[in-house]
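Below are two complexes that have subunit A in common, paired first with subunit B and then with subunit C.
This part shows the complex of A and B:
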């Protein structure tokens, strides 16, 4: 068993008769992993399972080689920010983060130093001594993130961490995640903002009705969806000529030409063949400015694998 | 897949002990409790009776007038089991009021704000959490129950001499263990109410209702059915009977000591079950 991964083996969790997750098998490497799925699909259950807050009814979980049956060890390597706005209103941001650290076993002075660093990382030092009650929604989101990162966890689990953040803070927060990932840590987050998931994720886990629909790098997952042709946008000078050449290829199922006649949307069932065909066309002297895959995104994967009713 | 450099190293420094961590919660709770004016006022009010008892002990040992009173009156004013039983009875009322005021704020807000995952995603078990919340109440109630009680006992021992102490040592243990049992019951009732109802005010009302309504129900049962076992439904009465036995006093008519102990033990188990059921990191509404 690899000790640098978060591993779910045939994990099921039912809350009485309510399905949480069913027969989930996952290997989550370090880096940024996004959990994507509609409301009630089991994202939060997965997060609660990997942080040891609930135990699976069936199967086993290992977080960097640590089982949730060893909560004392597990909770030292994990940091969790739930989706709930549960920070105590009577406390200052500093008190909130410091108290959390003393519960981990840090001395009061160590806790204050670390709390300050954590608040600094989320850009809240100026408001550190203000009561949480006076914080805006975005600030409360950030103080929750601060309490999750303050003890320097190796696995950061964040439920909807980007909600309520303004664009500037959102960008800072994303760069914080990237920094964590670059240090070899796990950042596992759920988000409804698919464009952002696309932008920041090294791998995605698509979940629906408690079942894992797909997992892996976005490109890899897209490659395996054979029933939906891949879409490419080609920018070129001689669009109609290139379109006619591409139509001769068996794997091309549809071509739409842009109104400006300088671009094409091509649907193909075989990406490799498509790539070879484009090379042939270019070598024949046709100018191709750019080729961009248009459905290699979480948005498209979501649409293909989970479908409508997106939350 | 990105290539990551493994530059991350965890904190390897010293950590505080398990119980030091658990006691972080009551420390904060006490600070918050003593910031509440009502708690402070009730606290001060509940210390008036112990002060009066202390004054009475002083006078009864110092004033020659009291020593020279006739036998019957002198016996009535003696510092004995009856004196401590009355003391405990009065203080138990204050302890219920304090628990009703302070107890609901300990768990209900955490449940209402979904804050339990915050605690349980740290090295803190549910048992630790309950122990920490209970420690906050035990600390508060101790200030008005066994602490002044034991102080009064030692005051009397100091003033009356070694002879009194050797004859009445059981009063000291009775006060301590009697109040300890009472604090356990009251704290569990307060915590269970706080866990059962998410609104603080309602939870406070539930604590008061638990003790005062059950007293009424027990009396009604006794009167309607012309029995005396109805008193078993009244935890205050059951505790009074246990205290009477501990302080060597004549038992009031009604159920015996072991029946009362059994009923309170069942009550403690039931309250523990409520806490076990309610205090979960994840609430599932099916």
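This part shows the complex of A and C:
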């Protein structure tokens, strides 16, 4: 069976009596997908499950139609940069990547060329011939990333890939993810830095206590959260007049005036009605400079769906 | 079932084996394996060295002919002996005052008994030694008369070979190879779990069975070189002091064949024990438990009925040994309890070991497919 998605069907995983993930059903399309959740929520478990490092107690997983129990097929289309911060003692950065590539069937010279390209992409060519065991944490992070991308996988799974990277390499790495996504590949990553997730993700999967809390595009997920009114920041010259007009609308639940009286924070239960009301106000001759949704972010979703204690 | 391995997978297994050989040969955890493997060689080398030094010392005053050494008889006078053979390798003379008599007297006085009458005259004792190049004769004189004559060969090739056979079967096969394989093969998977590096291999496009094969080849190569080499070096160390006519004749007759079968037994021991400990490393976290169970089984094996004896790696390995280890003549109880099964033929022993290995590796290949990376529980 071929498929262009990563599919989890009713997957549960327990470590003895400890819950890993429970009854997870997911369809992850191509593009950049971020797994977001607190420590111990099950993000790494999901990644380990989809790469075959662990096996589900129940349910099934398919990565582009391949079962994770077939590493010989799966790992040809998948690269996984784990969070395990240890590497074989014998390996230099170059050997670490090259050994993997020779197992993909590349000749020694081709493997070295590819390894060099991958190390170049993560800015590690200068340290290529040094032992990985002597690398700094950030360098080890990068060499794992280099190994994951060296064979040009269709599915890139990355556990906290941006941890320990300096700003320049971080920017380069994000553009690499974007390039992969633009080429129709899957980039599935977990991150604690929600602003970053917000910036780069096409879709998010929010996970808490081993359960999927929400999944999909950020906007779509936000729309489904009806118990929390949507928040908009309006910049305008006549803020108090516009506030009084909006108060007449049933769907508006709260308005806060900015101290400079040139802006409003409006909470509404109906985004479409809110949009129509703003149109009416603008047509009535009131100047509205900008309307920005303030809670269409992973940060806000996290706050609404998972709550405090964010890690 | 274990699917057939394709050409690509053979290359993958070899790539893995090459990488893992460094680990198998040079693991810091496994350096003691070399000590085990080289112990017989070191012991025989030291013995040979000591022998050569002693012979050099004995022959410093020149050699005495074998005929003269044989001609000494009890009751002979010391002057007559020295006249025939004036250059002994050593000559010690002392007066025997019987210190032990004094000790006995002291003890009996303490017990309140009366001390027995003491010998009136002290004895003049003299030990003169001669060396004919192969035998050392110690002549024990009392008051100038030859009382005892002890002649022993300085080098006893047969005895050395018997000692080697005993060391090989009771130390090398039972302990050195057993624990060496435990160290090498358990480390292949369990060691990587402890180092938290096993995921590196699990994230490669390689069937787990191929990974198992690659690691097993690495472990087997390392163990075979270390223990097969150790056996050959030990055997060479036994032969080293006997490089005369006797040694050459032995090598021309059966020496090379013996060397081959000792090395073969060591390698096949690594093959059998290696597969067992590789499987144990996959199935169990604590190596002490399987090691203790297997060691117990192999140890009590000689006391079991013949049919059960055949269910041990050791039975087949001993069948391959070119010389049987002699049983202790002074332990009739042991002789009664031990009822060694008739040794298998060499071909049957090899087939038996290979069959046991294949069976264990098949079980290991089933186990490796279900292994999960869960370092936190290690």
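The criterion applied here is as follows: the second predicted complex is superposed on the first by the 304 of 311 C-alpha atoms of A that agree within 3 Å, B and C clash if a C-alpha of one lies under 4 Å from a C-alpha of the other, contacts with A are read in each partner's own complex, and residues count from 1 in each chain.
Following the convention adopted for this analysis, contacts are C-beta pairs under 8 Å (C-beta built on N, C-alpha and C of every residue); 3 or more make two chains touch, one makes a residue touch a chain.
Since we're looking at a predicted model, the values are computed, not measured.
Enquirer: Do subunit B and subunit C fit side by side on subunit A in the superposed arrangement, or is it a clash?
Expert: clash
Enquirer: Is A:182 contacted by the first partner subunit B, the second partner subunit C, both or neither?
Expert: Touch status of A:182: first partner only.
Enquirer: Name the contact category of A:69: first (subunit B only), second (subunit C only), both, or neither.
Expert: Second partner only.
Enquirer: Between subunit B and subunit C, whom does A:261 touch in the aligned arrangement: first, second, both, or neither?
Expert: A:261: touches no partner chain.
Enquirer: Between subunit B (first) and subunit C (second), which, if any, makes contact with A:276: first, second, both or neither?
Expert: Touch status of A:276: no partner.
Enquirer: After superposition on the shared chain, which partner residues are touched by A:48: those of subunit B (first), subunit C (second), both, or neither?
Expert: Touch status of A:48: both partners.
Enquirer: Of the two partners subunit B and subunit C, indicate the one touching more residues belonging to subunit A.
Expert: B
Enquirer: For A:110, select first, second, both or neither according to whether it touches subunit B, subunit C, the two together, or no partner.
Expert: After superposition on chain A, A:110 lies in contact with subunit B alone.
Enquirer: Have a look at where A:90 lands relative to subunit B and subunit C in the superposition and call it first, second, both or neither.
Expert: both
Enquirer: One more residue to check, A:18. First (subunit B), second (subunit C), both or neither?
Expert: A:18 sits against subunit B, while subunit C stays out of touch.
Enquirer: Taking the superposition as given, does A:202 touch the first partner, subunit B, the second, subunit C, both, or neither?
Expert: first
Enquirer: Going by the clash criterion at the top, which of the stretches 8-16, 62-70, 98-106 or 116-124 from subunit C hits subunit B after superposition?
Expert: 8-16
Enquirer: Name the residues of subunit A shared by its contacts with subunit B and its contacts with subunit C.
Expert: 15, 48, 51-54, 71-72, 75-76, 80, 82, 84, 86, 88, 90, 99-100, 102-105
Enquirer: Give the list of subunit C residues in touch with subunit A in this complex.
Expert: 8, 11-12, 15-16, 19, 22-23, 195-197, 199-200, 202-208, 210, 369-370, 372-375, 377
Enquirer: Show me the residue ranges of subunit B that touch subunit A in the complex, using the header's touch definition.
Expert: 1-2, 4-8, 10-11, 13-17, 20-21, 24-25, 28, 32, 109-110, 113-115, 117-125, 281-282, 284, 286
Enquirer: Which residues of subunit A touch subunit B once you look at their complex with the stated criterion?
Expert: Touching subunit B: residues 15-18, 29-31, 45, 48, 51-54, 71-72, 75-80, 82, 84-86, 88, 90, 99-100, 102-107, 110, 147, 151-152, 154, 181-185, 202-203, 217 of subunit A.
Enquirer: Could you please specify the touching residues of subunit A with respect to subunit C in the complex?
Expert: The contact residues of subunit A facing subunit C are 15, 48, 51-55, 69, 71-76, 80, 82, 84, 86-90, 99-100, 102-105.
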